[in-house]
Each structure stands twice: as structure tokens, then as C-alpha cells.
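Following this line, the structures themselves.
The two complexes that follow have subunit A in common; it is paired with subunit B in the first and with subunit C in the second.
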Partner chain A sequence: MTNINLLQSALNAASLRQSVITNNIANAETPGYKAKQVVFEDILKQHLNNQTSNFVGKTTDPRHFPIGDSSDLPAPQVVEDDSTVMQNNGNNVDVDQEMTNMAKNALWFNSLSKQMNNQFQQLSIAITGRSS
Partner chain B sequence: MNITGVGTSPININQNPFQKVQSSNAKTSFSNVIQGYLQNVDSTVKQSDDLTTKLATGQIDNVQDVMIASEKAKLALQLTVSVRDKAVEAYQNIMQMQI
Partner chain C sequence: MFDSLNISASALTAQRLRMDVVSSNIANAQTTRGSYVNGKWIPYQRKMVVMEPRVSSFSQVLQGQLQQQSQSGLQGVRVAGIVNDNTPFNRVYDPSNPDADSSGYVMMPNVDVSKEMVDLLSASRSYEENVTAFNTSKSMAMKALELGS
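Right, the complex of A and B next:
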């Protein structure tokens, strides 16, 4: 079940990244616009690495100290890159790079959704007990 | 030019979940064999899950490995369910037999 949640949040991140990239491309000529990108994979990896033990303390009050790591997955973050300048008007959108990122993101989304489909099929096989 | 035939030797596929059980021990009981099969299926599914996690965290460079692993896991699960169904069917046939 955790894999389905994992895939769901990854798909959400891919969708968000798609809209951020299209936003960047749309603003490729806007003066002063800075390109944004979505950071998700590294945050998720860090989160998963921190989950060394399955022992998680139940917190019934927001003031309680968390024991172990909370089970909710991290949300993707939008980061603005203002370190570079591509054009004279302060814009730093590199359209070639954005197109490459978009193709990569589409591939990632496709494989994630395929995996999601496969997970549901496995669950369905296990539930119905019929190998169809 | 000689063209060699396809040959009759079977094709060996690595990591076939249903061929890993050693049958050298003649006294292997049926339950041991089934348990070995089930452990292989379990490890196949776990490997697929591991690769799925890696795909979500962006550590995968070749997507085909993930797809192949997940298809393998699905097929192993389907085969397990089919074998289980056949075994139950055989049991029920025997139990309903008129003596």
C-alpha cells in the first residue's frame, strides 16, 4: 500500500512539474522573470532514508514530540533559480533546457503511471484470486 | 555458408522465479517445494517494489528494467494464483468422488 501512496505523490510531483515547465516556457520573453523548477526526488529520497525503523510513536497532540518519522510523504517544492541570466532583460529561461526537462518529465510520468497500473493489477489479482 | 539451426536446447532465462528450487535432495517434501516457490515469488515481487521506489525517487536510468521486473512480478503472482486454484480444484474433485 505504501508503494501506491509513493507513486501517487510522485505523479502529483510530475504533474506539478509539467505545469511549472509550461509556465516557464510561456514566460520565456517576460522581462525579469526567473525560471522555476520542482524539487521532489531528492526530498523523497531523504525522507525514505530517514525512515530507518518502522517504530513510529502515535501523537495525539500537536505539541507531542514525534518518535520515528511521520508517515506522510513530503510535498514537492517549487524553487526559483535567480543565479543565472540568459537575456539582457533579466530573464533566465533557457527554452532548450525546458523542452528537454519536459520530455524527461513526460517519460517519468508515463512510467510512473504504468507502475501504478501494475500495482493495482497485482492487488486485483490478490483480491479476486483469479489470474485474469 | 552454413546456417546453424535453432537447436533443441531450451532457452535459459535468468531469474525465473519458478526454476530456482534445488531438487537434488530426493526427500524434498511437497510443502518444501511449494514454500520455495512462494519465497521466490515473494522475492520477485519485492524486487519489483524496490525498483518502483527507485523510479519514484529518480534513481533509475533505464526504465526497461523497472517495467520488466514489474511484469515478472505480475506474472509470478498470476501463476501462483492459477496453481493454487488448480490445487484447490483437484482437492475438491477428490473430496466429491463417490466411493
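Right, the complex of A and C next:
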């Protein structure tokens, strides 16, 4: 798995997280709504830990056994916490928390896109032989 | 990526409607002739906005499963309806009022202006939060456009 693929999957996760956070903020006063979260970093860590060898079998059919490590990218998951209650109407959105998470997520997205640009720049240097 | 912009937009619409309803309540805080029922004037009834999460339809969920997208089902918020507040009307003694009954009492709307002001503040804060969320999503989309350049 190349760096660009990894960054792509992380950017997808950041984009999905932005949607989830905006949805939580939009429903901050909706009765019965439960806040959702995106789990990605743990899945990615697990994925990278499982990547032990460079010997990877290509799976061309979903029934194939994965050899070494499956080549598909780790996908983010949306989870819902319905055990807590913040307001009288059963809603558990903590707006301060959501705004903080959104700022963090935007910074993370920006650093990822910068990394991605650096990767492309390196590729461009390798192809053209000059760094402009 | 555009999902989050649409979600914020739906919330902006909903909060704006809440502000409109609050304005209507405050404007009609003294309206004794809200509706004409059985030959009698009924005062204005306080109105409230009911919101609910907008969920995706069956076909959208099926499409998402078939294309193996990450199933979020996030569509923002929508206004389920505007309902009347059925708390009893305020009874005020004012014999000179044209709508006073035989014993001199007038039914006034069940609008509590201080409650409306709190609602108005809450709606306007929510609006600001959603504007912030919208701007963040927009700047992220702009960053995504600059990828590879």
C-alpha cells in the first residue's frame, strides 16, 4: 500500500468525520437524536500492525483467502453512543465537544492534504528531474 | 464532501424558521383575535417548531449498500411541523377592552415574552454554530481542490 493510498483513505475518513460532526451540530436540539462518531485511527493502526510481510497475495475474488495482508484500504466506521443523555429531550450532543472536534478535524484534514501535495511533488521531481 | 455543506444548510434553514416562529409569537403577544371559532374570537396561540433528523430513504440506503459506501445515512435536520402550544390562555381583567366578556375579563395569548427571548437567543446561537461548521467544511473542500497542484 503506497503512501498516497493511505493518505487517500485518511482524507476520506476526515471528510466523513466532517459530515458526521456537522450532522451532530445540525441536530443539537432535535429530540431523541444521539451523537455519532467516526472511528478510523484505531482501525488504521490495527491494519498497519497486521501488515507484517511484503509478501501479499492479490485477491481477485471475494472468496479468496487473504495472504499476508488484504490490499484494500481501511474504511472508517460510524458509531453511535446511546448510553448517555445531555438534555431533557433524550439528546446527547455536546456542542462544545463537537466544535472542538471540528476544529481538530479541519487541522488534520489540512495536514493530510499538505502531506498528499508533498507526495505528488516528490513524484513530479522524480519524473521531471527538476524541483519546480 | 458536499454532504456536510448540505447538512449545515438544512440546519440553517431550520434555525431560521425557529427565529421566524419566535418573531411571530412576540409580534402576536397581545393579539386577542387569533382565530374566529363558533362566533367567538380565540386569542393567538403560541407556536412551536418540532424538529427531527432527516433520514435517508430506503432506495438511498440500498444504493449505498450496493456500492459498499461507508453507510452514514446523515442528511441533516428537518422541521417536522409547527404545532400550537395548548397551555391555557392568560386571563386579564380589562373591562374597557372590546373583547372582554360579561364579567370584564379578556383572554390574552399564552405567549411569555421572556421565554421567547430565550428561544430566540438559543436559535441564533445554533445558527452561528452551523455557520461556523459550514465555513469549516467549505475551507476543507477548497483544500481538497488544491490537491496535486
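Heads up, the rule we're going with is that the second predicted complex is superposed on the first by the 126 of 132 C-alpha atoms of A that agree within 3 Å, B and C clash if a C-alpha of one lies under 4 Å from a C-alpha of the other, contacts with A are read in each partner's own complex, and residues count from 1 in each chain.
The rule we apply is simple: a residue touches a chain if its C-beta (ideal position, glycine included) is under 8 Å from a C-beta of that chain, and two chains touch if they have at least 3 such contacts.
Worth saying up front: this structure is predicted, and the values here are computed from it rather than measured.
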| item | value |
| --- | --- |
| Clash or fit, subunit B versus subunit C on superposed subunit A | fit |
| When both partners are placed on the shared chain, which of subunit B and subunit C touches more of subunit A | C |
| Partner chain(s) touched by A:75 [first = subunit B, second = subunit C, both, neither] | second |
| Computed vertex angle (subunit A) for partners subunit B and subunit C, CA, steps of 10° | 130 |
| Which superposed partner A:37 touches (first subunit B, second subunit C, both, neither) | neither |
| Touching partner for A:22 - first (subunit B), second (subunit C), both, neither | second |
| Touching partner for A:97 - first (subunit B), second (subunit C), both, neither | neither |
| First (subunit B), second (subunit C), both or neither touched by A:3 | first |
| Contacts of A:115 with subunit B and subunit C, given as first, second, both or neither | first |
| Which of subunit B and subunit C A:106 touches, first, second, both or neither | second |
| Shortest CA-CA distance in Å separating subunit B from subunit C in the superposed model | 15 |
| Residues of subunit A defined as touching subunit C within the complex | 11-12, 14-16, 18-23, 25-31, 33, 36, 75-78, 95, 99, 102-103, 106, 109-110, 113, 116-117, 120 |
| Residue ranges of subunit A touching subunit B (in the complex, touch as defined) | 3, 6-7, 9-10, 40-42, 44-45, 48, 107-108, 111-112, 114-115, 118-119, 121-122, 125-126, 129-131 |
| Sites on subunit B touched by subunit A in the complex | 45, 49, 52-53, 55-59, 63, 66-67, 70-71, 73-74, 77-79, 81-82, 84-85 |
| Contacting residues of subunit C [partner subunit A, same complex] | 1, 3-4, 7-8, 10-11, 14, 51-53, 70-72, 74-77, 122, 126, 129-130, 132-134, 136-137, 139-140, 143-144, 146-149 |
